[in-house]
């Protein structure tokens, strides 16, 4: 039983870290600018598609570096020439503007690369498995993903706490006007942070796109879950985003592999559950069928019980 | 007065030459208009941004269609005319439960909750196949209901009048609600939710009540949809439907009553008419949305209202000339932009679908450079002209400032 | 004389920082009471505590002998205590008339009703127009509040505060940013509207304070160091020392 769970748990951690790469960018942008970047998952998708395009030309490793940069530059451009002008109209307008780009990027991707998934594949060098003990072989690429995401988190922490730009960013988080009065170009800081956040999303796309599928629907699929993560973890909390990402990653991956239902659970205790009526239907639903619902259920529960999320500030 | 005029127009539409098409398009627009009006009760009236409003329209539709099925099977006796009320109540019940804990949060949190909840319901559609009908959806027959006044609703004309009547009633009710004490304090909540507490109102209660009322009308739109198409699928609940109504309300103009109606008509028209010619209409819609947010956040109706007010104050010929120039430049840029994209789209599939594209009434060869050049120049010229006009307008404004003239 | 508002040993802490360190004050019914003190003394915080915008860390606040500690702002407003804001806090997109009418709706009993047109309620209109006359904005009734001049907005701010059944008004620096002429007008307005109500006011303008107030309390570092009539405060050494410095000496000797 335990052995059966090892692989889902490992998968859960990998997926959770990928979610964290996405949600950390959203959290960063929200903390700084008060804007929920709905287009964040779209940059994830762009990162994957850029990586596909670049790796078809020059290979995976250059793509790993170049694709996130491209995504970041695009994000920065979006902020500089689009979002910055919308700021005067208020937070709602800013959110809607990022939302419009979900649509635009989605359609643009379909226009350029078509509606079918593209064959963005794991590089040769990493497409083998290693033994993880107890007779399980685990794909090395997934471990590589873990490495990249942990490395990214560490770099982010260092950047924010130890560098000059990081300190300015921290200050702008709570007192953007004051930072401006001190002579720093705050709009530029905003552009940088937004671009950086989008670049992070792009990086997630580079490593996630070939693990999972690279198709026009990937932004929607992951984006919705990323928002659940942000809500569960708490708007504005990086630590909360990490915990929530891992939680939801584990939840999803473990539940998909469990083929039992509540009725089975009761049967273990020798209680028979009837088979007719809506309640019975619910009881006989196997966990792997409701797996897609679980993150959203978790979100609903959190919102009812602790609305500010696990580690969020009071909202 | 205006209401009577509108009612008259709606009554006359069936007499139009392309009657059949006009009827079905008008019905579609009416349903969209009710949905958009219900949405604007949240956005424009109370300052609540929802990304999951389609859920309540969908629920209303599913409730209505299930009830209609029961009526078809003879289990219940309910004339078709009353079905929209049932769907409305269904939507409102759901709205009651959801709204109770969603409206207690700040507006940013509210937006995210609606997004997540919409996804939850959408995802659950495949699990509860009996309720949502899975891929095929749920169907029913609107003609198999107890007849009132001999009306069977088999003909498009009768359905049109049924939908229009309910849509008209809904619009009137929403208008009236906006002018009640609740509606007025909802506007105040939109402006300054904090201060509302200090004038004796619980802002969350205000939001909650407006939310429930809004879901009532969303449910009504859903049941009208069910009556019109006789089928409801899980697609009605999804994010794209929620995004569409958001765009309708915003592009039309969330600060006026007619704005959402304008937006509904515009976007439904775009979808039906433009969708016949190109697959890219969603992209154009997205770009339009972004442009409206950036340059005209009051929406089209708001823009027109502002210009009318400005016109009433000072009849300035110069200003209208500039507006005219701007429009022309924008149209040129748009033509260039659309042509470029259409060319690109066709070029992608040239090997399969042939290299000839029918655009603006002429045939062009996608492979030759001339159409691309022409479109590119159009686009650039349009943008440059816009910039020019913008600078000229700014100079005019500052000159008027210096001279103390009205602008 | 009955006590309109009573604060008993009120403390307020933000984390480890003590802002209000034990304030006890009785405001008598019908008096005009001013609170003065240096910047950062905690005056606005005190108002926030009384009006329910912030929760007290400890202590008790009573309105007409009823405990209002920990109630939400709208509950406190419904019991008859209303406040204005130092930074104008109006409804910018609504007209002046709408601003005032909304402030009246609850106390007139209309609550959350959505089955009656607000325009069709003559009583609401009449009372709103009365308030607008009082604050001197009669000609600007249909102007959106956001485009009013600063002084007009301050007047509207007061108008929103006094609309409805209020027995105790809290005014937070109502003269902030006003010119001499505007201050005079505002002073007359405040004198009028507080003639049958209890007034608690934060102000920096000493001329206004000594002219208007029946009693003055001095708040320094979260504690009230003196309460008394203007004459008593003028001659209070602790007050001079802590806050007024030479200013009061000048005013006192003038």
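We call the chains A, B and C, going by the order they appear; numbering starts again at 1 in every chain.
Going forward, a contact is a pair of C-beta atoms (placed from the backbone, for glycine too) under 8 Å apart; a residue touches a chain by one contact, two chains touch by 3 or more.
Please read these numbers as outputs of a predicted model, since none were measured by experiment.
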- Note on the structure: Using C-alpha atoms only, the most centrally placed chain is B
- Message: Relative to chain C, which chain's C-alpha centre is the most remote?
- Response: A
- Message: I'd like the Å distance between the centres of chain A and chain C, where a centre is the mean of that chain's Cα atoms.
- Response: 48
- Whole-Å distance, C-alpha centre of chain A to that of chain B, is 30
- Using mean CA coordinates as chain centres, what's the chain B-chain C distance in Å? 45
- Note on the structure: Multi-chain touching residues of chain B, meaning two or more other chains, are none
- Within chain A, the set of residues that touch 2 or more other chains is none
- Query: So in the complex, which bits of chain C are touching chain B?
  - Reply: 51, 72-74, 77-78, 82-83, 85, 89-94, 98-99, 101-103, 105-107, 110-119, 121, 160, 163-164
- Parts of chain B lying in touch with chain C, wherever the complex brings them together: 176-177, 179-185, 187-188, 190-192, 194-203, 205-206, 209, 213, 255
- Residues of chain B touching chain A in their complex? 47, 49, 51, 101-102, 104-109, 111-113, 115-117, 119-120, 123-124, 126-127, 239, 243, 246, 250, 280, 282-283, 285-287, 289-290, 293-294, 297, 341, 344-345, 348
- Mind pulling up the chain A residues that touch chain B in the complex? 34, 36, 82, 85-86, 89, 91-93, 95-97, 99-101, 103-104, 107-108, 111-112, 114, 220, 224, 227-228, 230-231, 235, 285, 289-290, 292-293, 296-297, 299-300, 303-304, 307, 315
